[in-house]
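So, here come the structures, one by one.
Look for subunit A in each of the two complexes below; its partner is subunit B in the first and subunit C in the second.
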Partner chain A sequence: MLAVRVLGTAAILFILSIVVFSMLHLAPGDLVKTLLGTRPASPEAVAAIREQYHLDDPLPVQYLRWLGGVLSGDLGQSIRLQTSVADAIGSRLGLTLALCGLAFAMALVVGIPLGVQSAVRAGGVIDRTGTALGVIGLSAPTFAVGLLLLYVFAYYLPIFPVYGGGRGPLDTLYHLVLPAVTLAAGLGAIVLKLTRTAMLRELDADYVTSARARGIPESRTRRLALRNAAIPIVTGASLLLTFLVGGTVLAETTYALPGLGTLLQDSVLFKDLAVVQALTLLVALVIAVIALLADVAYLVLDPRVRAQGGAA
Partner chain B sequence: MTASLGAVGVGFRSGRRMPASIVVCLVLLAVVLLAVLFGPLLFPDATKQDILSSLMPAGSPGHPLGTDELGRDILALTVAGAASALVGPVCVAVGSMLLGILLGTLAGYERGPLDFAISRWTDLLLALPVLLAAIVVSGVFGGGYWTTVALLVLLFSPSDIRIVRAGVLEQSARPYIEAAQMLSLSRWRVMFRHILPNVSSLVITNAMLNVAFALVAFSSLSFLGVGVPPGTADWGRQLTDSRAIMFDNPAAVIVPALLIIVVACAVNLVGDWLGQRMTRSGGLA
Partner chain C sequence: MTGIEVAIDGIAGPAGPMVEALAFAIEPGASLALIGESGSGKTLTAKSLVGLLPPGFGARGVLRVDGREHPLVSTDASWRRVRGREVSLLLQDPFTSLSPVHRCGPQIAWTLEAKAGRRLSKRELDEAVATRLAEVNLPARVARAYPHELSGGMRQRVAIAAAIASDPRLLIADEPTTALDASNQAEILDLLRELQHERGMAMLLISHDLGLVRGRTDEVLVMRHGEVVERGSTATVLSAPEHAYTRALIAADPALALEADHTGDTARGLGHDDGADAGGRAPLVAASGVVKRFGLRTVLDGVDLSIAPGQIAGVVGESGSGKSTLARCIAGLEREDDGTIAFDGRPLAPGRRSRTPEQMQIVFQDPYSSLNPMMSIGAILREALAVGGRRPDEVRALLELVGLPVDAAVKRPAQLSGGQRQRVAIARALAPRPRLLICDESVSALDVQVQAQILDLLGRLRDELDIAILFISHDLAVVRRIADTVTVVWQGRVVEHGTCAQVLDDPAEDYTRLLVAAAHRDSTGRTPVG
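Coming up: the complex of A and B.
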């Protein structure tokens, strides 16, 4: 079953790479013109550029050359930054990972306990507050939240820096607090909703009633329920990731952070196709791998699924 | 506060009374709709630039919310932006709903190779996050407002297709469909006259929620500088343009940002509420 999933994922990634590659090469705009900029387009210069970027080869040949490069670790050259795409991505990966990690941690630390409490006292004050906050977190666009936070906490109450990535690990962390809170608002809302729904269902189950009837302390009963509720929460990880991708681009743009999101935005606007292509497929790959891992986690977390030989 | 109780699924009474929170949301949306309809009459030249009166703070005479660095009146620009914020997302939701109904019903009812093709197509579209795909495509291909609408219809359709397909699959097995087939009614008649009404509540709920998501996606694209052309009255665009003058005229940022958040929340809440009403009273369990 897992092997089929892996093969299916690989097939989707392969087709996606063809779609992305051909789409970007059909895009309007001339690479030669972009590269030459305002310089005069002498026939020799044009020919040299076409030669250097293999623009005269048929599209399938270009695709295969590019695919061969990717599989051997060469993602091509960024025409905007004049470095290799791998370097461009590598130099910005750290900041984006730190931002996402921080936001993820915040979302889990707030979302899970709040979700549990909301489910335990459904309809109570905490639940209603949580639901209201959840609606805002789910609906509000990341950049709008970010700009409001920026205004309140960087200008009105100047606690945090306005923008930039900072220097050195501690300063960077300090610069990442507001962007991470911004991202965590949306992530936390999803975590809260998943946790609350799963916990409500588990607390309704027979084993909880039976545990309560035997006089097992409520805190232990809840721990039992939370362990079962973990399954839908983990399988919801791909939902979180989908949000995170768009959210990171927006948060980085809002706070002018030099991460992968701003790299994507700049590359798209400049039509730096090699970078756009690499980033798009990188994201697709990460999402596919996380979805696979979520499936594996499903097996690990739920003994019932394992007992059925993973038929589900 | 029966609204939040209803959302919790505890003590929900299927009374006819509309919860207060929904009333507030509907009033808000009505105001935005009025701005869409009568904005052009109130402020005929909202995007007019006037360098002489640039960067006036909120409360200046003649400009209650001040102006931006191009001298555009923030109040007029914000009112004019309502059209862009509402029309596009509604078109996206309706368009992807129609596409979802057509392809989802075909896939669910005809099964076979057609179902396989449509399902793999949705798999492929779902492999990339909507926002990422939209940024890349509309950024690289350019194109204005309606190109973005068409693109988002395509990117939003997989969820509609899946929902309709699942609903149709479930309905197809029921006796009334078998009866309709026995009467040798045409396939289209069975699909769209007999099955469709029974899955419509699911589709309409999803479309309402899609309006909220499309609003967010749309304004995000304009904020990133793709989607709508520069100079358009659009809340997302306005936020990008005004980010630099946040400290000179905060109203230029705060007002559109709050509006996007409030409108998105209102649409979401109304959508959720409608969904609960419809699945409770509708035929679908």
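Coming up: the complex of A and C.
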């Protein structure tokens, strides 16, 4: 099972690297001109650059050179930053991870209890408020929420910083609050919806009626239902993590955070191939790992699936 | 005053009154059966006594338990004092009434803790759970099992243990055996009776099945459209029913009719005995040596079956016997691992591709899930007609064929009753004019009266259209009513095969005798003599 999965993921990563490689070459723009900048484009300078970056080799050769490097553990050099790709990513990874983690935690901490309460008192005040908030959170685009929050909480009421990643752990956390809220808005709305729907279905189930009828307290009955609802909530929420990956680009750009999202954006604009390739593969790898974790979570949460897995 | 007294003034729903005034009393240790078809208000009555009516429904009246008075209109807080300690509820389906992701032990333990009103130590709980499991004749290791690891009968025992762990004075059992096999049904009912006697616990048994309650309850209330039409001691009501509706229920009940069959009281079943000697016509379907494995489990182990044109072939067996898998292999929904299945003399390759819609069609058990809820009946039938290359305006003829009004075409499945939906499913199956109709437990989810109507319909269709029917069922009484030949399947093998009369009246094999005896015990409440 696991071996098939790993092979499948490797195949996807391989195909993806070819696609990204070719697309960057198809896209308009000339790397040589970008690199030269304002310097005069003398034939010698152009030839030197083409020589240095092997731009005269046929495309497949260029690709294979890159692939060989990756397989031997060398992700290549960033043309734009003039550092190794590993360093470029490594120095920004922490911030993006912290942002995603914080946003995800916020979405869960707000979305799940609100979803449970909405389901328990369906049609009540909490339910209606939650549904209204959910619609706003879902439909408002991330960049719009970001700009609005910036304007209100950083400019009009200067509680939070306007931009930057901060220095030191606490300051970084402080700088990440607004971007994380921006990301969590849409995410939390989906978590709320997921939880509400799953809980409504479970609360309607026979085993809940049966538990109530034999005098089991409501608090226990609710936990019982939530434990059953956890199966769709956890699988759904883990797939939402993948949604975060795209969202960080927008949030980091809005708040000028030096994370992977801004790195990816700048590198695509610059045609910094090695960085784009590495980032794309990293994202794909993260998504594959999340999907795997979601399946494992499913096994842990549902004894019925576990039994089938054991028999097969 | 000891015992249970119930005086319901009425139960109303969003659409108006659902249950009229009714009152009854049950002595400690005694039992009362509440009989009625779905929609008669019997389940609403049960739920009103634990304060768990669906939203929008309300009951007025009073419940007295050993003299303690509990109004039926009440707050959740005061219901909490009633539920479990005074009244507990056992639901129909053991597959859904236990939480699938929790082990059985904790589910019983919660009731114990709710009763005690405090957290109990693990040791106390383990011991108490083992005691409760022993009461329902289950070993202590069941506490560690998840519900899906147990059989239906065992699950219902766990559900019983959980329901009575709080030592209620009244147990309401809502169709506690409907989802179980014949042999389990009798065991569960006898177990309930035993537990009642030991504890002096009153029981309200809710059922659609009059045959089931004979010899197992003291009194019977028959309900129809929210009204009590007949009441009295169980023996009197069954032997001398006064109300026409009660008589209709008894007549429609195949289990009771099965018994009557032996005394020669009623007409024979629908099957022609002459259909059984297939010698005259070459078989339409001939399956031989069919083997099907799921993983390491062999579900079919060399099964032979032949069906003559125009014949109704019954296949009986308990759940897990492989009878449905056989039907699915013939229909091409499962691919057999070995053996051959021939249609009209030509062997068919495993799988759906080798079959045409004009050869065979299948009707499933549950008409609630086999019809697309978003499509109108007309659209469902037009789709099926298109498959058979027929014109869409033949919908009307199809509806008439299965005895549905023409205006059903504009309705959606949710607007039809269970019986009407099953008629739609049959009409859909008949649309491509198949030569074989496969009915996989097609009447098992229906009330007895509706069941009888659908069986009549199938018999009529066979006569009018000259189609063969493969009729799969766990219910011997139903099979006797309709089938020409009977094949008994047990653990993936054919145990016995012959005409309906041969196999059911004079079974040659022990297993068949066991099944027939269970069906009789079920209908009579006592083991038959001889």
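Methods note: the second predicted complex is superposed on the first by the 297 of 312 C-alpha atoms of A that agree within 3 Å, B and C clash if a C-alpha of one lies under 4 Å from a C-alpha of the other, contacts with A are read in each partner's own complex, and residues count from 1 in each chain.
Just so we're on the same page, contacts are C-beta pairs under 8 Å (C-beta built on N, C-alpha and C of every residue); 3 or more make two chains touch, one makes a residue touch a chain.
Just so you know, these numbers come straight off a predicted model, no measurement behind them.
On the superposed subunit A, the positions of subunit B and subunit C overlap enough to count as a clash. In the superposition on chain A, contact is made by A:Ala205 with subunit C only, not with subunit B.
By the touch criterion defined above, A:Ala284 reaches subunit B but does not reach subunit C. In the superposed pair of complexes, A:Ile231 makes contact with subunit C only, with no contact to subunit B.
Of the two partner chains, subunit B is the only one touched by A:Thr253; subunit C is not. Counting the residues of subunit A touched by each of subunit B and subunit C gives the higher count for B. Once chain A of one complex is fitted onto chain A of the other, the partner contacts of A:Pro58 are absent, as it touches neither subunit B nor subunit C. Across the options 99-107, 189-197 or 387-395, subunit C meets subunit B in a clash only at 387-395, per the superposition defined above. Contact residues on subunit A toward subunit B in their complex (touch as defined above): 12-13, 15-16, 19-20, 23-24, 27-29, 122-123, 127-128, 131-132, 135-136, 138-145, 147-148, 150-151, 155, 200, 241-243, 245-246, 249-250, 253-254, 264-265, 268-269, 271, 273, 276, 280, 283-284, 287-288. Against subunit A, in their complex, subunit C makes its touches with residues 50, 52, 76, 80, 83-85, 87-91, 93, 96-102, 110-111, 114-115, 146, 148-149, 159, 162-163, 165-166, 168, 295-296.
Residues of subunit B touching subunit A in their complex: 1, 4-5, 7-11, 123-124, 127-132, 135-137, 139-142, 212, 216, 219-220, 223-226, 236, 239, 243, 246-247, 250, 253-254, 256-258, 260-261, 264-265, 267-269. Subunit A makes touch with subunit C in their complex at residues 205-207, 209-218, 220, 224, 227-228, 231, 301-304, 307, 311-312.
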